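Chain lettering (A, B, C and D) follows the sequence in which the chains are written, and residue indices restart at 1 in each chain.
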Amino acid sequence: MSTAVRALARALNAGDLRHLARRRLPRMVFDYLDGGAEEELTLRANRRAFESVFLLPRALRDVGERSQSVRILDQTWSSPVGIAPIGLAGLFWPDGDVAAARAAARAGVPYVLSTASCSTLEAVARAGGNPWFQLYVIERGLADSLVERALAAGYRHLVLTTDVPVSGRRERDLRHGFSLPMRWRARTLWDVATHPRWLMQVARYGVPQLANLASAAAGNAQAQAALLQRRMDAGFDWEALRRLRRRWPHALWLKGILHADDARRACAEGVDGMIVSNHGGRQLDGAPASLEALPAVAQAAGDRPVLLDGGIRRGGDVVKALASGARGVLMGRLPMYGLAAAGEAGVAAALDLVRQDIDRVLALLGCDDVGSLGTPWLAAPPASRL
Amino acid sequence: MSTAVRALARALNAGDLRHLARRRLPRMVFDYLDGGAEEELTLRANRRAFESVFLLPRALRDVGERSQSVRILDQTWSSPVGIAPIGLAGLFWPDGDVAAARAAARAGVPYVLSTASCSTLEAVARAGGNPWFQLYVIERGLADSLVERALAAGYRHLVLTTDVPVSGRRERDLRHGFSLPMRWRARTLWDVATHPRWLMQVARYGVPQLANLASAAAGNAQAQAALLQRRMDAGFDWEALRRLRRRWPHALWLKGILHADDARRACAEGVDGMIVSNHGGRQLDGAPASLEALPAVAQAAGDRPVLLDGGIRRGGDVVKALASGARGVLMGRLPMYGLAAAGEAGVAAALDLVRQDIDRVLALLGCDDVGSLGTPWLAAPPASRL
Amino acid sequence: MSTAVRALARALNAGDLRHLARRRLPRMVFDYLDGGAEEELTLRANRRAFESVFLLPRALRDVGERSQSVRILDQTWSSPVGIAPIGLAGLFWPDGDVAAARAAARAGVPYVLSTASCSTLEAVARAGGNPWFQLYVIERGLADSLVERALAAGYRHLVLTTDVPVSGRRERDLRHGFSLPMRWRARTLWDVATHPRWLMQVARYGVPQLANLASAAAGNAQAQAALLQRRMDAGFDWEALRRLRRRWPHALWLKGILHADDARRACAEGVDGMIVSNHGGRQLDGAPASLEALPAVAQAAGDRPVLLDGGIRRGGDVVKALASGARGVLMGRLPMYGLAAAGEAGVAAALDLVRQDIDRVLALLGCDDVGSLGTPWLAAPPASRL
Amino acid sequence: MSTAVRALARALNAGDLRHLARRRLPRMVFDYLDGGAEEELTLRANRRAFESVFLLPRALRDVGERSQSVRILDQTWSSPVGIAPIGLAGLFWPDGDVAAARAAARAGVPYVLSTASCSTLEAVARAGGNPWFQLYVIERGLADSLVERALAAGYRHLVLTTDVPVSGRRERDLRHGFSLPMRWRARTLWDVATHPRWLMQVARYGVPQLANLASAAAGNAQAQAALLQRRMDAGFDWEALRRLRRRWPHALWLKGILHADDARRACAEGVDGMIVSNHGGRQLDGAPASLEALPAVAQAAGDRPVLLDGGIRRGGDVVKALASGARGVLMGRLPMYGLAAAGEAGVAAALDLVRQDIDRVLALLGCDDVGSLGTPWLAAPPASRL
């Protein structure tokens, strides 16, 4: 594995990690990770938003000591950057969820485990570090059982993903026949066959399963997927949330909030925090960039913490998000590129790059604490100069 | 034809259908379908407009049941997407108008038959499904005869196309010598010769004619085209419309309205509805994107239904149009790509893709009925965030 | 020359004419015609401005008869499109100024002869059609002599070019060593040698000279250029204009006005009309697009006629300029592409393309007379829709 | 060296000089000069800002005499364009700092010597022309010793660079292993080996050192770099500035000011002038274009002179900066391209190109003195026209 380690050491940014992931993964797996819904309008909008916001630095402030740790509800994050829930991480690396959770734990930031993980939530809890658990809007029975298990395993943060009442249309996946179960085609067989190292690693652990659902579906992958799909509950509404709120005694987050009215309603329903997200451009193609939606949501949320995901590739992006109203951010693709490149070490490298970025950007900005970031640190957009 | 069926089954979006059409059609026929006027500024503006509008989804609404049927005047559309009038559809597929009308009828949406169709309006009426008939601003005698026949054949919706007082300048066509009659060149002969399957299919049915005009022109193609061109009436004005209104007892639509004042005048003249359109960028190059012109027209039209055409490639585009004030949309190129790819099945596939899109977009938007779409579902444009 | 005629007959637009010119002319001559100053920011801005303005058509207006003739001061133009002054037209075609002037005369539109023409102003006057004469801001003696000659030759419109107090920096020309006299390089010799047809045509007439200055400079090309350059008078100011105004009893135009205050001053000084121009992007790189500068100038000019040049490639552009406040436009590159392609016939073809365009655009716009064009025909820019 | 001279004579603009530099320098050295931080967003924003601002020329003003000399504090600049501090100029040309300082002295404009220069400040002072000295925010001891030496050597302008509390992340450099000391890689060895002329010139003078620090670090390059890095003082604040202000009796400038509040504070602290800069896009990637930040800073600075650097490539850019509020500008990359291309002659050529540009732009603008430039010379941006 030493070439991977050497390559990792030379990876300077998200682009490099993405490149390593692309080389190691079969194209269909890479595209599953990399792609977005339909025409990927929202995927691109996420990046364009960050590239359109400029930061206004201050001079001659004492930034000899910089702090990027944040306290959010009951937790202290060493850096305002957690890992977003990503399904099927076991396809990127054997026991990928556990590897990523360990890296997050060591870095002192939260790992949000996806319902559609390949490791059980219990296994991930044992990896340490107080991970969070993500839940889809699924029917009551399945939800209850997962919530019970999460409670029993010691999870203290539950993230309800609100933006998947139905699946987004990811055409890259459809083109590859990438689904559970796989629709094998000559092209995809060749794709896998030409990535023998990946194949051996994955095969050693057996075909990745949606582990949290495996018992219910008796270990049958096809049945698991069908289960998850069939039990998605497009009728899950605020009433259903209220019931969940009553069953979950700890921190409850809503993920996928883009509208200020939903933020207000969430507060009224006793939600603890929310995550401004368009699911990384993987659900509603045509949803606005999460950074664009953030200010209105953050204002509506009052003192409840608001996180953001979607499009974060650099520490500078994190700082822009915080200056726009977020208390922290979640990253999906970036740590997963690292995971695919080199396992736990790759995730750690991704987190470390961002942490160093933030530290440097704070210094260059003349800001000694992420807690003091806000709109005064944003430059007016170019159009306003005349 | 089984390869066409298989290819169709793998077509995921408008781009795939367009690709199939491009492969099957001689280049000059494809360009006739695909191109726009002059520099194609308006053609591109139509698409750019849709890509610039973002949708703002709502969370946790019960979208277990979604409805996309709409009632417009006396008809119920199963989906807010009809087929726009396209001339010479017989060049895309034998008896293309009938094939497309059948697909629309099966899908439960209107088919608008062009005056310049290759099948007679009577033949299309027999295909079922209550098609609409489109009329150019032509001189009184020819118009009267067509209106009489449409009435007799059972048409109940008449669409007067207002944006063709003269022909647009489609330079792709001029370059190919594509006209009625054809101006054959070595290059175009080669073009046709290298598409033998298309040639055989078309030849079996004889040279496509402007069937609605064939009797008047004694079956001579050159005479038909001359007839249509010569009888275009650039002097057709609101007074002429009033006369048409008196002669047509059923629903009367104006197609090609972009100005709010024209919408108001249309209402005053007793028009039943109107279609915001720049003729798919095929007439006045430099006309605004139809989506840009829509809001002002929709407001001016009051409670009369307003449709839109121009640039629709996805269900998300339909939703954006409806949120911007349209009651339904018409699609031209997309179903015609399908027709050229695989006949009736291709049209059905195009309609089905869009229907599925709309259903999914509604769910992801948190909206259970297209009837409740409106500006609150649109995100403010990026520039307004600061 | 029959291939040129055939090629001309197939030229559909400005791009085709430009392509023909590019094939026939040595690269250095083509670049002299085609290029702009420095980074060509203004050259590109001119085109971008036209592509950003949209026209809002009206429906069902009687446009059976369209008029594009305009009356400007004492002249009636058959179409609102004259030919802008272009130096060294003799390099594009033998006796190019005369050929172009003849084409303009036949078309019934003005030809503005450049001071830096290769034919004498007397010869061009004999070509008929009431051409205009353009004058640089040159020292009194040279100006007086040219004005005298212009008067004697029957010119009735004098255009003072205000935007050449010094020469613009055209880096394409500098790179080719293209200047009077030429700085020959191996590359440019090769360039000329590989265009034998052009060389023979031009050689037959001898080396083109700045004919209006030839007598003063005793026929020596180097001396002519030096003369023109040396006598450019960067000190030519409003006072000098007043003197010119007194000496010229007929219509006096200022060309190169971009600022509203200059328009007001021009009116106060008794100028008869003005031409909004950035010299086709050939002088101050960084000057605004002429279409952008037009509205303020037109307003300031009150009832004095305002023309525009810079970036016109289509009839639609002419209509946009007129709707933005111009009474007519001048075109430089487009007729010169035609001239280089096929002499007088090429200029006629260029004028004819634009005339046909304007007629069609008027019809499609629902406007029967260019005289009634104005801002109500412009669509609000996209950004204003929400 | 005659080929260099000939190439220089043909260099028409910044792009040509850059091209010459690129050919002569090893890629890693060129990239050090050419590149910016991280994704180079700010590097590109600097250029885009200049390309988005348009100048509004005036007609018929007497511009027979143009003046571009400016008086700034106690100095008269022959042209409003000095040379910005650039570290390691000795890598571009042997004794590069001295060569550049000489060119500036001959041109009558200031040269700002970097702390990280390869020649001692004493040697550069001997080159004549009243150069300025630039100081990093470094710890007191090192700063004091440099300030003492600068005073003793006769410097009368001290520029404190405020935007390097820590180093920017220049990924091109990291990729090459370009640092002090070098991290040699096969690729970079090859890079150097394939530029033998550069290698011989540099080797003749020995390995370039950070000369101002060489004595403190006993001539050891590694120690010098470590020294500079270790002694960067991210805690350098306004209090530290006050101390510096007391120790430096002559003109004191702050470089790196982008916020109006910092400009006000700087005035209150007795600073003599300031330089709006984002360090040429080499420090905080995401900082606004310096031209965008300029107007607010210039207004806040009242009557204290404000300079700008970042993105200047042409005389027109200088004029835009002056019209936006700057009293003068500094250029970094452009004269360094010249230095790398041909030493002192190259720097002179760069300065001369810009000087000629400014003179021509003034004439074309109708402005006879850079001192009268201001916002009335700027065109409103395109968006405002409707």
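The rule is short, and it goes like this: a contact is a pair of C-beta atoms (placed from the backbone, for glycine too) under 8 Å apart; a residue touches a chain by one contact, two chains touch by 3 or more.
It should be emphasised that the depicted structure is a prediction, and the values quoted were computed from it without experimental measurement.
Colleague: Check the residue numbers that chain C and chain D use where they touch, and answer same if over half are used by both copies, otherwise different.
Modeller: Counting which numbers both chains contribute, under half are shared, so the two copies meet through different residues.
Colleague: Where the centres are mean C-alpha positions, what is the separation of chain B from chain D, in Å?
Modeller: Centre separation, chain B to chain D: 59 Å.
Colleague: Calculate how many whole Å lie between the centre of chain A and the centre of chain B, each centre taken as the average of the chain's C-alpha atoms.
Modeller: About 42 Å separates the centre of chain A from that of chain B.
Colleague: Mark out which residues of chain D touch at least two other chains, giving numbers and ranges.
Modeller: 383 - these are the residues of chain D that touch more than one other chain.
Colleague: Please list, in label order, each pair of chains that touches.
Modeller: Chain pairs that touch: A-B, A-D, B-C, C-D.
Colleague: State the interface residues of chain B toward chain C in the complex, per the touch definition above.
Modeller: Residues of chain B touching chain C: 38-39, 41-42, 45, 49, 52, 137, 162-163, 165-169, 171, 174-175, 233-238, 240-241, 254, 256-259, 261-262, 266, 283-289, 292-293, 295, 378, 380-381, 383-384.
Colleague: What part of chain D is in contact with chain C in the complex they form?
Modeller: 12-13, 51, 53-64, 314, 316, 319-320, 357, 360-361, 363-366, 379, 382-383, 385-386
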